């Protein structure tokens, strides 16, 4: 288990990868209730900017959250995110992972907040989303 | 269908509501792969700061994305988010909705980006998350 | 395997039962995309005619279709339904089964259509839906 | 929100579309418990009338119910359906929408019932199911 | 309903079949929380012994349990399994069924345990798993 | 990543825990197709030996497989299991974890098989299942 004290500025983490399938897009549309035709209508998507259905931005973030090693951190709470930008599409069959770097540490009364500069990248090493992820952790 | 041109600074939108159930937490843990014990272990959660399991931050965002009327907008892409902060827990049985206000409009070569100051609020009108949501829309 | 020839007018079938849980309502809302607040918003439902969330009519039909012994029939196609009426609510924790009676047999060029007068009933033996179910079966 | 009073005989509604994927067929088999080999066994389906797996009739209806704008109607209850007929198969990759026309309005003590003649159609504008959908709505 | 008394040593059962889809692998990864890259990462699996993603061993067993006619047995409890061996991969698009033979019957104070020598086989009649399945049944 | 060489006879692993909810039982019934009334019918289960619905044996094994740290092992394949016995019920709201001990190591041409004596235990430290889990791992 890693605590607030255990992280060092500049430390890097590269996660495992997960492929995004058509089933993932159906499941996320279902769970979120966001059935926008960009994600769920083959005919509509054919005529759109990508020529095919793409994954929801929030799907990409949700999968990234499962790839991040939060289970090995003494998480107090998910504090927030800064400047989340979706910079490329995630298509069916793409495989994504997350590259994180400790950017900042802020001590708080209870625990502290670690900020991770994070890139969600596909199998071609293209960024699909960039964000600063802020997690509140227990101190030792 | 609403286009970039149709939104006015200061315009407000209040969405419908959805209750967050134990099943939602199981489904989101499953989909995301984030089985942190804060969300999925009754015994662990009893001893934690909230005394019970709470919803994932990304679950709250995913549900909010389905509540937002994106299906009625001429969405080009999900541009990103600024300053997302989780300011209160969402517990099993809570019912959340989103209150949005048009904060800013930025014209781009293709379409434009509308920024919505957004509060995700529960049935007691408490904020559970606040964020600026940025959506790229087609022009008419 | 039972064929068109094997059914007799007046024959009765009583299926097993399945309880309808909160999870079923969440799953069906997700799958269908019908998140009407009657089914998914605790606060909204409190003020409605039933005082609580109720199952979707199509959820009740979908569960009934799984309870019916279609797997033991030489099904050619689902032909259709006549006069489907939802006559009572299905609440979380209710347990439903189907009672079917062969009403009519119509021979067709390929196989034949068997019509089952069907009642979907809860644990108090109250009807929640009544319908005539029409299934096209192979001949021997 | 549209009430009983707001609908006029002859009024038409065309819904958005949703593609039916292999994942949808797996999810509906799972939810309903109807694992008939027509829907779930590639080898069995190869030898059947369509040469491949097809969607369940109730899957098509469930998806149609989510496409219909029930969320914008002041729904009292799902009253029922008349003469539902499955007139063509829905295959993996097909994209369906619903075309509805107000056929009849019946005033009741509490609210009233609006009957919609409905066609569920695929991307080739072929009918896959036709039915009369009857929804009980609040009066203003 | 079949009881302990109704089974005879040497009796054989061949179940229906079910195809294993990509959606099944995503759903089982999600439910179990076992997102091992053998099952969920296209790029990782390409370099592995099978050249593609394969189904989880427990997915194969879970599907087999649904194919077995347990619903027609007067089950007291699932007693256990002996010598479970995974002898071949199950790939996306494979169709599996179970062949069972009554190997042994052990009378107990309450009911008795029937042991089924079981082979889970694919559409090429290759064994993918072999096991002895032990089910406790009621006596008549 | 841990290889065949890294495990020592007698080494112990205690996993994290996960609570088993009603939603888990619905999801596993759905996925597996095993809708036995022991698991899914409140009224039936009331009259049974446990007085309430219990989790499927295979559900317990599937959840255990996700709790085991397989993701940190250089898994070649899931080899099999010996003597699996379900020794106690898992009820809705129970929280299970796995305690594993390395029992045996068998070198093979490609890699080797590590056998883990495993107990799946609930929050009261009662065994619910015991088994020997056999995993084929890469050598370094």
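Should a chain be cited, it is by its letter among A, B, C, D, E and F, assigned in written order, with residues numbered from 1 in that chain.
By definition in this document, contacts are C-beta pairs under 8 Å (C-beta built on N, C-alpha and C of every residue); 3 or more make two chains touch, one makes a residue touch a chain.
Given the structure is predicted, the values throughout are model-derived calculations rather than measurements.
**Q** What are the chains that subunit E and subunit F both touch?
**A** Per touch definition, common to subunit E and subunit F: B, D.
**Q** If you fit subunit B onto subunit F using the CA atoms, what's the rotation angle, as a multiple of 5 degrees?
**A** 120
**Q** If you tally the C-beta contacts, which comes out ahead, D-E or D-F?
**A** D-E
**Q** In angstrom, rounded to a whole number, how far apart do the mean CA points of subunit A and subunit B lie?
**A** Centre-to-centre distance between subunit A and subunit B: 15 Å.
**Q** Between subunit A and subunit E, what's the gap in Å when you average each chain's C-alpha atoms?
**A** Distance between chain centres, rounded to whole Å: 35 Å.
**Q** When the centre of a chain is set as the mean of its C-alpha atoms, what distance in Å lies between subunit C and subunit E?
**A** Distance between chain centres: 29 Å.
**Q** Quick check on subunit F: which residues sit in contact with 2+ other chains?
**A** Residue numbers touching two or more other chains: 16, 18, 21-24, 26-27, 30-31, 33, 35, 66, 71.
**Q** Once the touch criterion is applied, which pairs of chains come out as touching?
**A** A-B, A-C, A-D, A-E, B-C, B-E, B-F, C-D, C-F, D-E, D-F, E-F
**Q** Given the complex with subunit C, which residues does subunit B contribute to the contact?
**A** Residues of subunit B touching subunit C: 16-19, 21-24, 26-27, 66, 93, 95, 123.
**Q** Write out the stretch or stretches of subunit C touching subunit D in their complex.
**A** 18, 24, 27-28, 31-36, 38, 49, 56-58, 61-63, 65-68, 70-71, 75-86
**Q** Quick check: in the complex, which residue numbers of subunit F touch subunit C?
**A** Within the complex, subunit F contacts subunit C at residues 21-23, 26-27, 30, 35, 37, 40-44, 53.
**Q** Going by the contact rule at the top, pick out the subunit E residues touching subunit B in the complex.
**A** By the definition above, subunit E touches subunit B via 29-31, 33, 35.
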